[in-house]
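What follows is a set of notes on a single structure, which appears directly below.
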Amino acid sequence: MTVLTLAKALNEGLRAAMDADPKVLIMGEDVGKLGGVFRVTDGLQKDFGEDRVIDTPLAESGIIGTAIGLAIRGYRPVCEIQFDGFVFPAADQIITQLAKMPLRSLGKLKLPVVVRIPCGGGIGAVEHHSESPEAYFTHTAGLRVVACSNPVDAYTMIQDAVRSDDPIVFFEPKRRYWDKADVELGAPGLPLGKAKVVRTGNDVTLLAYGPMVKTCLESAAAAEDDGRSVEVIDLRSLSPLDMGVITESVNRTGRCVVVHEAPVFTGLGGELAARISEACFFRLESPVLRVGGFSTPYPPSRLEDHYLPDLDRVLDAVDRVLAY
Amino acid sequence: MTASTTGLTAPPELVQLLTPEGERIEHPDYKIDLTAEEVKALYRDLVLVRRIDLEAVALQRQGELGLWASLLGQEAAQVGSGRALTDVDMAFPTYREHGVAWCRGVDPINLLGLFRGVNHGGWDPAEHNFHLYSIVIGTQTLHAVGYAMGIQRDGAEAATIVYFGDGATSQGDVNEAFIWASVFNAPVVFFCQNNQWAISEPLEKQSRIPLYKRASGFGFPGVRVDGNDVFACLAVTRKALADARAGQGPTMVEAFTYRMGAHTTSDDPTRYRVADELEAWKLKDPIERVKAYLFRGELADQEFFDKVEAEADALGKELRRSCLALPDPAPEALFDHVYAEPHALMADEREQYLSYLAGFER
Amino acid sequence: MTVLTLAKALNEGLRAAMDADPKVLIMGEDVGKLGGVFRVTDGLQKDFGEDRVIDTPLAESGIIGTAIGLAIRGYRPVCEIQFDGFVFPAADQIITQLAKMPLRSLGKLKLPVVVRIPCGGGIGAVEHHSESPEAYFTHTAGLRVVACSNPVDAYTMIQDAVRSDDPIVFFEPKRRYWDKADVELGAPGLPLGKAKVVRTGNDVTLLAYGPMVKTCLESAAAAEDDGRSVEVIDLRSLSPLDMGVITESVNRTGRCVVVHEAPVFTGLGGELAARISEACFFRLESPVLRVGGFSTPYPPSRLEDHYLPDLDRVLDAVDRVLAY
Amino acid sequence: MTASTTGLTAPPELVQLLTPEGERIEHPDYKIDLTAEEVKALYRDLVLVRRIDLEAVALQRQGELGLWASLLGQEAAQVGSGRALTDVDMAFPTYREHGVAWCRGVDPINLLGLFRGVNHGGWDPAEHNFHLYSIVIGTQTLHAVGYAMGIQRDGAEAATIVYFGDGATSQGDVNEAFIWASVFNAPVVFFCQNNQWAISEPLEKQSRIPLYKRASGFGFPGVRVDGNDVFACLAVTRKALADARAGQGPTMVEAFTYRMGAHTTSDDPTRYRVADELEAWKLKDPIERVKAYLFRGELADQEFFDKVEAEADALGKELRRSCLALPDPAPEALFDHVYAEPHALMADEREQYLSYLAGFER
């Protein structure tokens, strides 16, 4: 076991993936000498060379578009989008090409492209550096969307993502990059599509992913002091959802709160609430509540503590579902 | 913006090896030596490709296809460039490269399947090194550059060609593709068929200078070729591909041609362009000049022309037959091939929908 | 009263808007001489000149980006995106600029830009010509999103949209372009943000917008034959939602089905289901069900009848909510 | 890719009017006649702008700003171009144009507010004809072209200038902006500060030829100017703006300069570039050469320099004071200005959140 930060766990995972398969490439802005602005690709260009770790021109559409071409030629590119807010110039290549080309080819083409996106707020950044654009991609059929929340998952999930033959949007919780945990290098993890109960409880189910898992765990711990038994599920896979784990839990607790940083309106929380409301209709003792970002652009950093779900807002929602 | 600044009148910089009258001329940079058999083969390609196109237009008129994008007038650009490719080269088309598809050996029924709506393409790009059609303008240029970067990494001696229109040159993606190709010195040929129109918009809406000059702004060569001259298109593309394979990086080829038909079968060009233009371009027909050349040089006799015509008739007939025989996809095809690996939601939706459908049978 | 198709109603609405305010511009691909591929801008360039009806280069990011610049200069551009599937090259300008710039300026800038998008399927088209991308925009704070469903609304809604000082994504149901109705030229309509009960009923509420309103009305008529009283609401405004009208209805009927062509997963139906489940928790006798596109790319046209919600699928959902 | 192909060594095509040693030289196309007072005013701008920047860096180090993007080394490019603008011209900046903001009369506290995180900009673009900062690379180039198209429609005699970096030239948007500007002959000056780096990536990753040549591919003039020479930047930009106002369409200006500091305060340039380069560019400092020129020509005395220094000190102090005094926005500001007109969801969320907050006070 080695103690690794989440960023370093991704780095080790990428290294393992590159070692395992010479077709794996890394491409993006500043991923080479700099090792990426978060150092996730630190040292990889030095060890694998400029042909496999490619500093690209400053153009996100170009990054995804050429990655698709490389994938058609048999490569497995892992693309870094420098910050969440900069994925939109690549939206067309992701939505109309990456997601749809495998079907267009009736399965003759596989596009094993991973799009890594550091996401979320809470780091005091300027505009466009704190967003949570996952719903744009979960709404895009043809993509898989996953989010890691801790170093252990980060290490195995990135390897699984690289190994998958489907295009994957891979969200990394940037404010958790420096969180540490014991990671067993070389060991496999829970499969990519699986949700994980990260804390068991009986009264309420909290659903979260990425940066909000930690927040929910802290909320659950605080709720316990008030005698409330809160279960926390780390979704890990946002598309598709692991509905089995989710409904088993909510059918047991009868109450559910979904927590994410993205704006609530048409966010993933709506999908979860709708599905759970249907799947657990006779067991739900309260509506599924959602705690998330407001329906505003991500605010200036001096307001982000108000914008982001935190322990208090999660507990407030727990109170409210319990009050039904 | 006057016609002459955008080069609507044939400019001197146009590479031409065969005049509209079927006269062979020489160009210092683009030598080509074709045997009679080779010229006849090109003629045959041109005729068959036009026939495929005409048959498809007819099928659309009769309701058998949802849409068709005709290549009428662009046969030489497509056959010339298509025949310049070797087996190891890879081509990335738009939605109009039926002639290139033909040269790559793709059965035209595949193209008809797409426009009939039985699938979105579905042929195997690797089988003939001919990628799927791309409808979102310009996207394929980046795919081509990425593919070319893969060729570099494989250490292979091969090149990529990517097709796009005059309108497409305005898209960000196409310009990003120019940048990547130049920065990475990728083995790619940018083959722009300037057919003068992007649906209803004339070239002046996309550029105020001749398109082939765009390349110079990115640091690689651009050349304008008579797009109705199959010899010139072959020679210029061959050289560009050879340069690419030899590690000399990208070239942009502007094939100066004209869209003789409507944009697609849904379009009505009488709303936006005058008949005169069309008449002028009719005199530059890509097939007639090869025929004239073959006649003039006595390289082919009437029997040859009759044989090609008969072959075209047979091809058209066969295409019609196989089009009508195309089966509609089964409803469960909705859920196939969306993902390469098992996918829970796909399985759920498939099961639910099939059981819903089964309800009607009960 | 004049009988107009939906396309012509939009044309008349645009004409009225251009007459009313010389700052109103129209821009897009083929909007000039051709009058747009659906003829919505037919004749406008002839009457208002090339300076006000602008045939643009073939570049959607350019269309929205320059429209923003024109709006900063005081113009009111109405942009046409030729087909739904071609809006994605403009995603960045819409999401990071158009939607966010007013807040960035703390309200000093208004961006009265209308982005018209012919949307939806059912016309036997090739790939990318039949999509329903509304959820990408409803999830984007800073935008308003509306959809018209009939000529009467089309005529007034487009004028209201042009008059609004907020950026608006305006969806037009392309397969209804040729539907006809009596339109009173010059008359105002229901305000842009309002939903409309287009058929009253007591047993189930159907929520729809754009092309699906007609489908739902037909379903409701068919259901009546089976003795079921189905209410149909045309949302008209997708963001924000007119929740008052919606909850009043669902509280009355106790049952609700949302219908849209877009894939269900993370679509607008999820948001509606989540909100209604919360707002009408004690009145709902069944979960809110959703009928929509599958979680696949829009299929080839020979499969679209299976993909698109139709009378039978809507009735099936009505049966299912009534079976609870 | 060698340094010389991308022009990392000063190439002959560089427009320079003042050498690094402070010697005045002439250029046939760019004449400029500046009085001593005018030169002194430019000197003052350069010094004050640098001071604002240094103070901001210090404030960031002390935790008062979340981030700062330093303009160190680029003062001449910004002041030269900024002072070329007339009141009616409009400027569209990136996130680094603090010097241009200064020239436009924007109070620097506005810039600090953004980097402190109290807002995303918030100044009134119309007040000083200086648009908000743009962080998403390249987006503002299209805004500038659209604005210029508005100028055309107004029949106004004005121009637009848009700033962007060497890295930005790779974005699709920037190239689309070139196309639109050229097709519509829009009165816009594309001012590219080539500071040789896009975060850690050297120019070679964006282009294999000098950037100013890009313009030729789009059919308008491009010119490279010594970006550390405030006279040359002023003269070249003035001419480009005058051309634009006179209906001659766009010009691209490449200001050849160097980013002396880190990309932003979050960056660590030691990971990717060598100190030598920095040392070489120190000799080309934009302020020193003006000072040398003023000295050499005895156009200013020590008193003048002292006065400017004192003014800079006062400005820095005042900036610090006003930065520390910036109030945090109230929570309800979250919901303000998202929409211009009343919005039901905004009102709901606002009310709910404020009543939630009120719960803590009880």
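Letters A, B, C and D mark the chains in the order given here, with residues in each chain numbered from 1 onward.
Basically, a residue touches a chain if its C-beta (ideal position, glycine included) is under 8 Å from a C-beta of that chain, and two chains touch if they have at least 3 such contacts.
None of the values given here were measured: they were computed from a predicted structure.
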Task: Chain pair, C-D or B-C, that carries the greater number of C-beta contacts - done: C-D
Task: Centroid comparison with chain C (C-alpha atoms), farthest chain - done: D
Task: Inter-centroid spacing, chain D versus chain C (mean Cα positions, whole Å) - done: 40
Task: Inter-centroid spacing, chain D versus chain A (mean Cα positions, whole Å) - done: 36
Open item on the list: What's the distance between the Cα centroids of chain B and chain D, rounded to whole Å?
Closed with: 44
Task: Junction residues of chain C, two or more chains touched - done: 56-57, 59, 61-62, 85, 88-89, 92, 96, 100, 103-104, 127-128, 141-142, 239, 265, 294-297
- [ ] Find every residue in chain B that makes contact with two or more other chains and list them.
- [x] 119-120, 136, 170-173, 176, 179, 183, 205-206, 338, 345-346
Open item on the list: Please output the residues of chain C touching chain B within their complex, sorted ascending.
Closed with: 29-30, 32-35, 37, 55-59, 61-62, 85-86, 88-89, 124-128, 265, 294-297, 299-304, 306-307, 312-313, 316
- [ ] Could you pull out which chain C residues touch chain A in their complex?
- [x] 61, 85, 88-89, 91-92, 95-96, 99-100, 103-104, 127-128, 135-136, 138-139, 141-142, 239, 262-263, 265-271, 273-275, 277-278, 281, 286-290, 294-297, 324
TODO: Mind listing the chain A positions that touch chain B in their complex?
DONE: 25, 51, 56-57, 59, 61-62, 64-75, 89, 92-93, 96-97, 100-110, 141-142, 144, 164-166, 193, 239-243
Task: Residue ranges of chain B touching chain A (in the complex, touch as defined) - done: 90, 119-126, 131-132, 134, 136, 139, 141-154, 172-173, 176-177, 179-180, 183, 336-341, 343-346
TODO: State the interface residues of chain D toward chain A in the complex, per the touch definition above.
DONE: 66-67, 95, 114-120, 135-137, 167-168, 170-173, 198-201, 205-206, 266-267, 271-272, 328-329, 331, 333-335, 338, 345-346, 349, 353, 356, 359-360
